[in-house]
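Two complexes come next, and they have one chain in common, subunit A, joined by subunit B in the first and subunit C in the second.
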Partner chain A sequence: MKKIHLITTFAFLIFIFTTLYLSLNNRKIYNTKDIIGQKIDTVELTLFDNSKTFNTKEISNYKFTLFNFWASWCAPCRKEHKNLIKLSKNKNLKIIGVNFKDNKTQAKEFLQEMGDPFFILISDPKGKQSVNFGIYGIPETILVNEDLTILKKYIGPLDLKDVKEIKKIIKQ
Partner chain B sequence: MLSNLGIISSSISLLASLLLIYLSFVELKVSGDKIQKKIYKFSSVQLIFSLLSFLVLLIGYIFSDFSMINVYENSHTEKPLLYKISGTWGNHEGSLLLWINILVLFSFLFLFLNKNKNKNFKIFTLIFQNLLISIFFIFLLTNSNPFSPVFPIPGEGLGLNPILQDPALAIHPPLLYVGFVGSSIYFSAALAALISKVEAKSLATTLKPWISISWFFQTTGILVGSIWAYYELGWGGYWFWDPVENSSLMPWFLMTALLHSVLVLERRIGLYSWVIILSILTFTMSVVGTFLVRSGILNSVHTFANDPSRGLFILTFLILMVFSSIFIFFKYTPSEKKNYKIFSKEFFILINNWFMVFFLAVVLIGTLYPVFLDTLIGEKISVGPPYYNFVLAPFLIPLLFLMTSGPKHKWISSETKIFFDIILFLSVFLFLIIFFIIKENNLLINLILLFSIYLIIQNIFDFYENLKNRNINLSRIISHFGFGLLIFFISVNHIFSVESNFNVRVGEKKDIKNYIIKFENLETSSGNNYKSVVGYFEIFNKKKLIKENLEPEIRVYNQPKTITYEASINSNLFSDTYLTMSNISDSDIFNIKFQKKPFMNFIWLSVLLISLGGILNFFKRKKEI
Partner chain C sequence: MKKIFIVLILIFISTKLVAAANTKDEILKNLRCLVCQGQTISDSNSDFANIIRSVVDDKIQEGLTEKEIYKFLSEKYGDWILFNPPLKNYSYILWFLPYVLFVLGGAILYLMIKKTLIEKK
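For the complex of A and B:
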């Protein structure tokens, strides 16, 4: 009996310590840069206006899709909004807005005031859906092609340089 | 110069530790009850040089001697004196030196305060404790040397992280270190007791004061850290289930279990092996915590600068320590008969212990699970308050009940009294009054409130009863009373807290529930080593027609260049009003976090009462000796 106790204790501890040892050499900082080139997950997203859902598979119908993660309480989002409006005029590009941890009424007011560049608007009140896209702060923007592959990721507000870059990519 | 002095004095102290180990082995072969004077002398030398090495680093910090890399990296001439001093332990190397000093101090005190105890027991304790000291000294001198020189000597230092420049945080690490590093002495004593076959009662009386004192410091350390997080981190909470907070809580659960089970060992000569296991586990958990904080595998506000070699060293030490303890335990542990009856006091203490072990398991799993998942599967998750609240809260109810009824039972006896007494009726009555005032619908919270009231009232009655009989077990009564209050006030705080985030410009107003918040003005000001933007806010309570003025700040520190958000808290006896402000770049909009938190001071006071019980227990012991 004592032997069995001893062996199980040892086996358990060896597992714990090995994992801790491996964790020492594991990547420490959460880095989402390598999501470029990866395909986005197929997930069901809830639309902003009603409880219908949108499956990310449908993106394959469009040549280029830009996911923009924003909120009305986020001041940098306000700053980049005019750039999104500019991009929304481009026929090759559909912009999907993901409203992140926001109050719906305030989000609506924001779009009324600033204009609505979004082809589809998704609601993510708890920020859970955005995790699937590797988002950990807003604003963040992801450019995806028809194969659902992520081409670019922008952390922080889109500036004119970014707009130029996006335009160049979608022209090709 | 100081650098050399530091290296020399810590090397002498290391040498003294190695010599003490050698002399202790020699001493085991010498007959007689008394330990040779030589050992006492070397122990004193070890303490003096260890303290000297710490003093050297402290002086280096006070006089900004940047010839030591450690001072250069963590201090600055403009820093206020208090934070120059606290900078000594505000970094990995310096805090490791403090660690070692506490190990040495406890080793010295144990030897000098237990002169009449079994000789072999003391000698083995000394051997184990000095093994720990030597290993940590070698780690310090080879890998994490706070005295490493730098040449040419820099004219100015890099500064201490401003969020660490705070009075509460200046004392938080030393308090916690005395707590969990102090547990090393009962780790060593427990292993020594097994080898030297010390009898139960003697082991219990030896361990008890050390457990009480380390428990007191651990509790107070956690409290101070919590207060710091509340007003400095600007999140408005006081406990975040942050992995590093958990690292201080895990040994606390074990110390609490130990504090209770050692009573059984003392009175009933039971639970011998269990007390040994708990003593070993407490220090093991302290080292696990140290590993998690210093190896950099966790991302947290506490994490020290990352260096994998440190993690590897602590992990290797941990593995050696755990496996050799298990070996000693299995080889030497005596067989024990279970001699306690159901519904006796010792039965309830054992149940208390199982609760503590359960809490420990929950917190340990919550802390390690994300690390394991990331390493083994590559998935990144974080375990937050919902998990802990969901798993732990329901178990508070039986714990509160057992804390109320357990102490009423007698030792040995298995009488099954059901206490449908006046206290229970009074508690239900009081609870109903509170229920009609607060009208909370959540059953779980209501039950927690009811049972915490029961515990509080029971202890008030116990206090009067014990006063009459002049048989005061004040330490238990005060700690349990404090715990009842803590749970009660945390619940009420949870129910009544108001929180709101919004954006506002100077001159604008915002309506939130019963409050109107007006952003009146914005001014710049400057402090000793920082510049700041101060917001002037007026908070008007529409219900009570009271005005409060709050002034949150955004500080920009010079060295290192860092921005901190200082909360402005108006703390009244019954409620805190809490405001933080952050600016939104390139705009005149400010993001405001407004919170109304009731009974914060009562939460702090409750924890103070809990820890007061520990210190009373310590002094009670002293009187009996």
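For the complex of A and C:
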């Protein structure tokens, strides 16, 4: 009987310590693991010049598509822009820019000054379209394949490590 | 007769409006602001909260139910956006383990008391 008590007490203590350890390591911040592997919604997006709409279904025509959510007022977007320019030179990749809650004149000036890496430019003046992509701040970037499946999501400015990773994925 | 009819229509419309406002309020209180510290979308004035409020408004207008709106948002942002996430396989242990432990503890206590009483006799 004493042995059973000892084992029970020991098991209970292990249980408590494991629970506490796991709880302490549980980072209660939003991460992107839920969205990776999901297909993006079929939605109609308005082009920046308001001339036409773009249906996300059209992405299936391209091997890889990179959605970049940016604005001229966003300092980290300025920082990552050179990396987008580098990526835009890749034949396997089409970059779709989503201009998020921005002033159009300033957005145009931004692209004139920094260069335009976007194959298609979308306008999201109220930020509501970006919710379809699980965006909660900018810059954010999503890599999608021809099946419309999300392969990667980058929160914050793209750095050289991210560029390397994207290049590696699109080479496959 | 005409006056009664108008009053009834007004009551019907106001009831509908109040119900819609209550539904929206209920939804916003159950959504977490991802860029804030423990605030609901309803409490927050952040840019993200304003966008989500506006999207919830649109979804209600489109005729989506409360559950469908939660499903839409949790597909985009994960269950973390919900203050009251749905019960999933991995969360069963979390919810039912305390009850299992309670019953187990009770059984152990019962056996121990029973044994002591038998020994005393």
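The rule we apply is simple: the second predicted complex is superposed on the first by the 139 of 172 C-alpha atoms of A that agree within 3 Å, B and C clash if a C-alpha of one lies under 4 Å from a C-alpha of the other, contacts with A are read in each partner's own complex, and residues count from 1 in each chain.
To be clear about the criterion, contacts are C-beta pairs under 8 Å (C-beta built on N, C-alpha and C of every residue); 3 or more make two chains touch, one makes a residue touch a chain.
Keep in mind that what you see is a predicted model, and the values were worked out from it rather than measured.
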Touching partner for A:K2 - first (subunit B), second (subunit C), both, neither: first
First, second, both or neither for A:T42, with subunit B first and subunit C second: neither
Which superposed partner A:A75 touches (first subunit B, second subunit C, both, neither): first
Touched partner set for A:L22, first subunit B, second subunit C, both or neither: first
Contacts of A:N92 with subunit B and subunit C, given as first, second, both or neither: neither
First (subunit B), second (subunit C), both or neither touched by A:N55: neither
First, second, both or neither for A:K128, with subunit B first and subunit C second: second
Which superposed partner A:T149 touches (first subunit B, second subunit C, both, neither): neither
Set intersection of subunit A contacts, subunit C complex versus subunit B complex: 30
Footprint of subunit C on subunit A - complex, ascending: 1, 8, 30-31, 33-35, 38, 101, 126-128, 130-134, 136-137
Partner subunit A, residues of subunit B touching it in the complex: 291, 295-297, 299, 306, 308, 311-312, 315, 318-319, 322-323, 326, 330, 371-372, 374-376, 380, 501-503, 584-587, 589, 591
Parts of subunit A lying in touch with subunit B, wherever the complex brings them together: 2, 5-6, 9-10, 13, 17, 19-26, 28-30, 73, 75-76, 78-79
Of all residues in subunit C, those that touch subunit A in their complex: 34-35, 47-48, 51-52, 54-55, 58, 73-81, 108, 115
